[in-house]
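Scrolling down, you'll hit the structures one after another.
The two complexes that follow have chain A in common; it is paired with chain B in the first and with chain C in the second.
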Partner chain A sequence: MIARKIPLIPTLFLLPSLLFLSIFIYFPLVQNLYNSFFEFSVFSPTKEFVGFASFQQLIQDKVIMAAFINNVKYAVISVLFQVFFALILATILEDKVFRRIAPALRVIYFMPVMISISVIALLFTFVYNPQMGLLNSFLELIGLENLAVPWLGNATTAIYAVIAMSQWQSIGFITMLFIVAIQKIPKELYEAADIDGAGKIRKFFNITVPQVKETMFVNVLITVTGSILVFNEPFILTGGGPGFSSTTLSVLMYEQGFGKDNMGYASAIATLIFVLSAIFALIQIRVSGTGKDD
Partner chain B sequence: MKKMLLFSIFLLLLSSVLSACNSSDETTAATEDGKVVIDFFHRWPNEPRKSFYDEKIKEYMEANPDVHINVNSVLNDSYKEKIKVLVSSDDLPDIFSSWSYSFAENLVSSEKIMPLNDVLNEDKEWSSSIIESQYDGFKFDDETYGVPFTVDGKAFFYNKAIFEENNIAVPKTYDEFISALDSLKQAGYEQPLVEGLTDTWAISHYLGTIFERVVDPAVLEKDYKAETGEFTDPGYIKGLEIFKQLTAYMGDVSTAMDHEAARNMFAAGEVPVLYMQFAEIKMVEEAGNVEIGFFDFPAVGDGKGDPTALTGAPEGWMVSKTAPKETIDFLKFLTSEETAAEFTKTDGQLNAVKGAVTPDNVNATSQEAYELVTNATSTAPWFDNAVNINIADVFMRGGQELATGQSTPQDIMKTVQQEAQSLRE
Partner chain C sequence: MVKTDIKEEFLERDRTASKPRAKAKLNLTAGLSKYTVLLGLLLFAFLILYPLFWMVVSSFKSYDEIYNNVWGLPSVWHFENYATAWSMGISSYFFNSVVVTLATIALVVLIGSMAAFTLSRYRSKWIDAALIFIIGGIMMNPQVALIPLFEILTWLDLINTRWALILTYVAFRLPLTIILIRAFFLSIPKELEESAIIDGCSEFGIYARIYLPLSIPIVLTTVVLTAFFAWNEFLFATVFIDSEVLKTIPSGLMNFKDALRTDWGVLLSGMVIASIPMVILLVLLQKFLVRGLSEGSVKG
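Up next is the complex of A and B:
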């Protein structure tokens, strides 16, 4: 008979985050979609309605495709390295053999995560410097000077050089998440496997991997959406160059908006980025069937 | 009790959000003690200019105790972005630095910049102390919106010792220039010429001057205007070919470094030739110990352009429409002969104030450059300031692609023509 009472305390707890989300996420999202139907610059006092013109331009723009391919390269390499390689790294660090030095190694791997990306990018411009960079000097030292190229100035290597830096920086974070997940696996499972005579590799595939499935899903989601949004690394290291060879969608959006004053077109690119990352997230949620853990 | 606490925390959070949204509206022109506040924004957070302006502000505030000057500064590319954001909001500083031509024109189109004709006419003594021709880049529809301060130009600088050692004469034509580069290469200089091509503006400076040389000035004038630009003249393709030929002398590393690195290589005597601005003379002299000379970008054989046009444009000061009237006085102070002379002495960059560049405050090379700038038959603005940024960007990115061999001059011009067409519409 009594109308269902809305519980006060939980609602109050939800309100602040709801408020912040709507002010800083949902409202700008809607406004961005609205903006992408107009043509305007930051100088112009008025906006001109152009309908779907920006989206038409988006489809015809060759640079968008090049940037998208760079994002895909980013995503594929990041998933391979950060998710699979980090899982192996975490398993090794959690192994009994490394028990003594594991804490120190964990700190070492995690260190790059705590350094600001701008600092890291500046650091890597020195590493990649064609004349006195660490990388080329090292290659010369071991007699591979024919492999030494101006990494960031070469159209084919630029994007990979940028991706490589990202891997170096992010692998520690993902490893840390896997370590936590591995530590939560009940010891009994491994003990039972020991009794059955399972080796380390067998235990890795039959116990560790299935048990950290949820974490793996989260990590794939983090790296893939991160790869679609990636901006700092290419922007600071190469500015998207030479030409457009290391441009990503976010860099392109920024250049269009703040470099060239095509705010409407930049909004359209932003919408594209949102749609892409939403699609990827939805696919992943479907595929991994998270939440329905058995 | 718990609920009360929770509720009050919530209120506190909410109020802080709301007040944060509000605070930006409270810009008042006067401080609590009745002083007039002038917001001053410039683009040199680096030395020696930062200290120079900090010192000048202090000096001015001491002389005018009823004025308080707030200063803010960010570096070059960030400045371009920040000033755009400021001009679109209502927080435009009262007085700020600006480039001339299209950059200034964009700012003026916001209708928030103070027209200065009346101010300039009122005080002829001050306004005529600045070299007349330098006002051009700030004049739109017969109205002046800025006061030029620094002047600049670009030329090929060469290492005198290396040229003498290899018996190379200063080239007068483009073909002579190429053969000079060839003989330097034979003499063992792997990169006789150097440029930092990651700085796209450096590419635009090259292309701007090359187009001045090879394309008919009337065609350029038509094409540089967004409303009439077509870019169908075959001279542009020739110009890009010239640029491609020059990048061949720059070596692989050029696409991986910036202009500053290139300048340091030149200053260290590693590279004999560099295309640079007169403003950089002092930096080269401080970074290394080489004796340098310069020559204008040489005339191109069958080029239809002006063989002696100098590329370079002044930078100056702009005042916001809403600025307090004391700002004009501060502007006059910033562009006075005394300030200008001291500025050039500290920084080495030449200025547009008559009588403020003398052998007392600049060296012989800069003095020579100053005469070239002030006597040039015609000056062309920097290419990225002369054309619409969408066109300039195609050329600048294209320049990088030419250097790495990803693209051809024909492809680049095709994209430029498409871009020009969409701008005309």
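Up next is the complex of A and C:
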């Protein structure tokens, strides 16, 4: 690092970024908090000050609670599948026994990550379709047609159907992150364990897990933050329905704001979302040491 | 091509990894469990691959056949589904997505690398503050900014223009881009720029002639990540663009679906067309993506 007075050009270099972040990131953040204390509609010229009324409404709103519980379900299931299952999957793929087939499998598992969520969600409306859907047709094929239900039209199954699609799409992404982490583990550790006669399961728990601990923690945070924010999947697949059975905080925020034109209440929901996600994001920045000079 | 690329990259690592070691005796149970696991892996691969395969195959079918013959191949291959999808609106969504994605990439790389240049070469309490300001930006998410951005863009008279998407996409991609490029810039040896200064190179010259050309790998990483984001972004694209002629693919597909009702073959063709550019990009720039995903998540 050069400690001297910063000349003009480098200062100018920094300016566009600072402007972009100020106008489109930090100002909206403050503005959203401000909006939470007002009541207004999209094109209303004035905003009516209502104090903490929206937040009081927020606490009592049963739909908010239902949405929050769906976000929690999203988070718990995603952590189980995308973090624990993905770690096991990555370990198996890195095992030398599967050396020949692993590269092809990696590409296959990663494929849905490349495809837009709107395409994936539209595709899954075909998978879950009650008449011709792939899932029900398959159940019929193997003689389990009594298990077939209208997955997205049923209030008990809708949220799980949405969550299942997310697992299908994202597991390859987290697996890839684990593969990168596992490849960084010094091979000597495994060789020493081989000499000691350790089995695969012992090597997994005594070497792999401790060595990828940090990646694991970061992956948990990524999935939890993603689950708090989740919007596209429920919005496209079910619109939050039937009723409010598969809604999430972000979907409610959108519906309140752009559906019912309660911009003030929508802003209060957005503030809640921000607080929840910021807690996890802060932990992540702290743990991963972003911005430190390596 | 994806396969061979990845194969080579990973096989290389595997080769270096597999030094001769004491070979455990392979008994019958170990062999059996190996095949059980292999079967599981293949089943899982099938589970991932089949819906995508079904999407491509069914895009050549008529509605009747999609409905009544879910599993089979099309009896007549309706290639015209693609032409219909293209002329019924996908072409315009496609064009808008290309414009928005390219503009976002260009601005993110230019503005982001300029900021990273200053942040990596100078240190003062102002620079530190700017760095924290920029890194803090990754905590922000589109959902929270949605309503205020709608107000700002309306006020700037940019709502329902491509700029509404380009400017907001750039802002949301800048923090990660700057973190990635700055980390790379920090690794560039100082001797290079010192000799350049002696040769009379200006600050701008150091940036444009030394730092940028050396950083092509990390720039490509940010290009892939940004392209992926801009091409697939759904929330802003839905809220900020109302006009049918300006919609990008993710929000346009929703309109497309409503307009088509039961013309599923055409809808599926549109979905396949929407997916092709990213698949091509990722086939070409595979290794830059993997690098970006791991660094981007662990470090940001």
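Heads up, the rule we're going with is that the second predicted complex is superposed on the first by the 255 of 294 C-alpha atoms of A that agree within 3 Å, B and C clash if a C-alpha of one lies under 4 Å from a C-alpha of the other, contacts with A are read in each partner's own complex, and residues count from 1 in each chain.
To be clear about the criterion, a residue touches a chain if its C-beta (ideal position, glycine included) is under 8 Å from a C-beta of that chain, and two chains touch if they have at least 3 such contacts.
The shown structure was predicted, so the numbers you read here are calculated from the model rather than taken from an experiment.
Novice: Have a look at where A:L18 lands relative to chain B and chain C in the superposition and call it first, second, both or neither.
Specialist: Touch status of A:L18: second partner only.
Novice: So in the superposed three-chain picture, is A:N262 touching just chain B, just chain C, both, or none of them (first/second/both/neither)?
Specialist: first
Novice: Looking at the overlay, what does A:A278 touch: chain B (first), chain C (second), both, or neither?
Specialist: Second partner only.
Novice: Regarding the shared-chain residue A:W151, is it in contact with chain B (first), chain C (second), both, or neither?
Specialist: A:W151: touches chain B, not chain C.
Novice: Touch check for A:I201: first (chain B), second (chain C), both, or neither?
Specialist: A:I201: touches no partner chain.
Novice: With the two complexes superposed on chain A, say which partner A:I9 touches: chain B (first), chain C (second), both, or neither.
Specialist: both
Novice: Check the contacts made with chain A and report whether chain B or chain C touches more of its residues.
Specialist: C
Novice: Answer with first, second, both or neither: which of chain B and chain C does A:I142 touch in the superposed model?
Specialist: After superposing on A, A:I142 lies clear of both chain B and chain C.
Novice: Taking the superposition as given, does A:Q131 touch the first partner, chain B, the second, chain C, both, or neither?
Specialist: both
Novice: Once the complexes are superposed, what residues of chain A are shared between the chain B interface and the chain C interface?
Specialist: After superposing on chain A, chain A residues 9, 16, 20, 23, 42, 131, 258 contact both chain B and chain C.
Novice: Can you list the residues on chain A that touch chain C in the complex?
Specialist: Residues of chain A touching chain C: 1-4, 6-7, 9-11, 13-14, 16-18, 20-21, 23-29, 31-32, 35, 42, 89, 92-93, 96-99, 101-109, 111-112, 114-119, 122-124, 126-127, 131-132, 134, 137, 141, 168, 172-173, 176-177, 180-181, 183, 187, 191, 194-195, 214-215, 218-219, 222, 229, 231-232, 236, 250, 253-254, 257-258, 263, 266-267, 270-271, 273-274, 277-278, 281-282, 285, 288-291, 293-294.
Novice: Residue numbers of chain B touching chain A in their complex, please.
Specialist: The contact residues of chain B facing chain A are 3, 6-7, 10, 13-14, 17, 81, 84-85, 87-88, 106-107, 109-111, 197-198, 200, 252-257, 389-390, 393, 397-398, 400-401, 403-407.
Novice: For a test of understanding, state which residues of chain C touch chain A in their complex under the given definition.
Specialist: Within the complex, chain C touches chain A at residues 2-3, 6-7, 10-11, 13-14, 17-19, 21-22, 24, 34, 37-38, 41, 44-45, 47-52, 54-55, 58, 66-68, 70-71, 111-112, 114-115, 117-119, 121-124, 126-127, 130-135, 137-141, 143-152, 167-168, 170-172, 174-175, 178-179, 183, 186, 202-204, 207, 228, 231-232, 234-235, 239, 249-251, 253-254, 257, 264, 267, 271, 274-275, 278-279, 282, 290, 293-294, 297-300.
Novice: For the complex, give me every residue of chain A touching chain B.
Specialist: These residues of chain A touch chain B: 8-9, 12, 15-16, 19-20, 23, 41-45, 128-131, 149-155, 238-239, 241-245, 255, 258-262.
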